[in-house]
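Here chain A shows up in two complexes: once beside chain B, once beside chain C.
Entry: the complex of A and B
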């Protein structure tokens, strides 16, 4: 049962951020509603106003210089169907095709998923490994926030209360890059998610990014694991996978809960890291 | 609740092909409007968290959880519930196939199963069984009659292609 609230339907980004500034904590941005309405129905959160931003038309996927710019209101369904993403970032298409279920993908937006910052969400982890930037707007001003600085804790982002996430910018991967996101779980949401993005030049891993998510409060980039892979020959990097997996397991800040014990999740991080690296390498 | 808080939104949409014009409050859920105000009780409230699929309805041909959709969202759209699937009393091939192949036991999940599979076959008339399972992953049958549900959908697909 939902409690009564008022609906605001701004026609521009500045109007939306002005409303958010004016009503402060009594108002919340509403897009797909797939997470927010559940929390409101449970009575976990309550707002006097919802600011419906769906009239803002932030729902395009476009190539913008060397990056793919994804409008924050793109639904998961739109992204799983995007021909441009299929060409440039097939790993993201695969992830989107496996988000929750067909009804959630139909309603839920990528921007909403990131802003709600549910710890068991998939996209943040892969977007960190892709070195994505979140574009936040307020009035006429705009700033870019790196994915790893955006998702700071469970249900917490670095977005200001009167800022709006309008787009996600993902650099187009360099030639001879491989990207994989793997997840594992036995409940409705994943217990562990691991993303690996590598570039290989002349048998050397010239670039490696590793991110882990779902196990702890927020996804994390794991620089120490990346250092065991980057600048190494593919053989040496492969030999380092076990150690990189252990480090990533610890870095995941895994907690013991219904999704598995801390030890269990740390172990799964290691298994998925190895498989994700191998899957990424096979694409290079 | 103060008077300042109450707000109504006039909406018009088609429900099973018939134009509906009504006023809803922002917090009203589509499932409650369709069941309690418009009398279409085929969509069921079950998990209430978008996991089970018992409340599946089609909005502009795509499946949504009516339990977690605000009613005002369907303004200007076309809504289909199980009551609108038969064409002038003639059952849809999916409905016939579910009967013929025993695609339901208690029947509680059936309206959602049939509407989700309609969206599937409208999108992909020749699904592989693997694709079907992936698409239908979010519709749960607590009687666990999945084998016959899959058989029903595959049989309907074949019939609809013929």
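Entry: the complex of A and C
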């Protein structure tokens, strides 16, 4: 049963952040509502006010100075359908195509997904491997937060209580880049997700980014695994995959739960890392 | 969920033992614990436990009952409480042991933690990790308090 709350309807980002600052913990941003309203109906959270930001027109996908700027209010469905994303970031389109179910994809927003920071969510992991930046606004000021600094813990982000996530900026991948996100699970949400983004020049992996998610409290970039791939020939990087997988497994901070034991999840990270690297390499 | 923790404290067993029974000082070491009071000295205490994971906050009015007590060496206790707003219950079976000599005491404890109700929707893994963090912080806070005294 949903308890009574007051719906605030700000007309601008500044108005929204002013409301968030004024009402503090008694107010919460309302976008798609796919996670928030469920938690409220269950009585797990209670807010006196919801700040409805649906009318703020933060739902465009556009190219902007070498990056793709995704409005925080873009729904998963909108991202699945975006011609620009299909052309520039097909891995993100594929991910969005497999987020939750069709009802969630129609209403749920990318920004909401990131801000709720549910540990088993997919997008954060891939966005880390894509070196994405989260654009946070408050009043007239704006700051960019790297994806790996944004998602800090289970259900926790580095977004200030009076800041609003307005956009996600993803650099357009360099030529000869390959990107893959793979996940595995047997429940409603994935047990493990692994993202690999590489660029290959002259048979050498000139850049490698690896991120793991879902297994632990929050997605993580794995610099030590990246170091085993980056600057190496594709053959050497391929030989290093088993070690990189072990390292990424440990880095995932896997937790034993209904989705699988810690050992099992760590093993799956290794398997997915290998497959994701091979899938990414095939695109280069 | 079972947890085992141990911390070495540079203080005598007597000092550690008397600290445990000093409710105000002891409770200050339990993260999220407030409004502690003695219901029946040495037997029953009451407190409110407040914990937070992201936007989810629980507040358990808790009763702590001392089940067994062996002077200077062991305490068995049970803490239980319910958050009726969220519809969740908590039960902790605590077995605390003290070993050591005049200079150093090893405070070890096992805690069997059960969380029931809607809070479980957050996921067993998340709750387990949070409980583990709380117990680690508690052990370190006790050490800091006692070693800070000397």
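Operating definition for what follows: the second predicted complex is superposed on the first by the 284 of 284 C-alpha atoms of A that agree within 3 Å, B and C clash if a C-alpha of one lies under 4 Å from a C-alpha of the other, contacts with A are read in each partner's own complex, and residues count from 1 in each chain.
Keep in mind that, in the parts below, a residue touches a chain if its C-beta (ideal position, glycine included) is under 8 Å from a C-beta of that chain, and two chains touch if they have at least 3 such contacts.
Values in this document were obtained by computation on a predicted structure and should not be read as measured data.
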Three-chain arrangement built on chain A, chain B and chain C clash or fit: fit
Following superposition on chain A: angle at chain A, chain B versus chain C, Cα, nearest 10°: 100
Touched partner set for A:155, first chain B, second chain C, both or neither: second
Which of chain B and chain C A:217 touches, first, second, both or neither: second
Partner chain(s) touched by A:100 [first = chain B, second = chain C, both, neither]: first
Partner chain(s) touched by A:117 [first = chain B, second = chain C, both, neither]: second
Partner chain(s) touched by A:264 [first = chain B, second = chain C, both, neither]: neither
Which superposed partner A:48 touches (first chain B, second chain C, both, neither): first
Which of chain B and chain C A:28 touches, first, second, both or neither: second
Which superposed partner A:255 touches (first chain B, second chain C, both, neither): second
Shortest CA-CA distance in Å separating chain B from chain C in the superposed model: 11
Chain C-facing residues of chain A, complex: 28, 39, 42-46, 117, 119, 153-156, 217, 255-259
List of chain C residues in touch with chain A within their complex: 53-57, 85-87, 118-119, 121-126, 128-129
Footprint of chain B on chain A - complex, ascending: 2-7, 33-34, 37-38, 41, 48, 50, 77, 97, 100-104, 106-107, 188
Chain A-facing residues of chain B, complex: 1, 5-7, 9, 25-29, 48-51, 53, 56, 62-65, 68-70, 72, 116, 119, 134-139
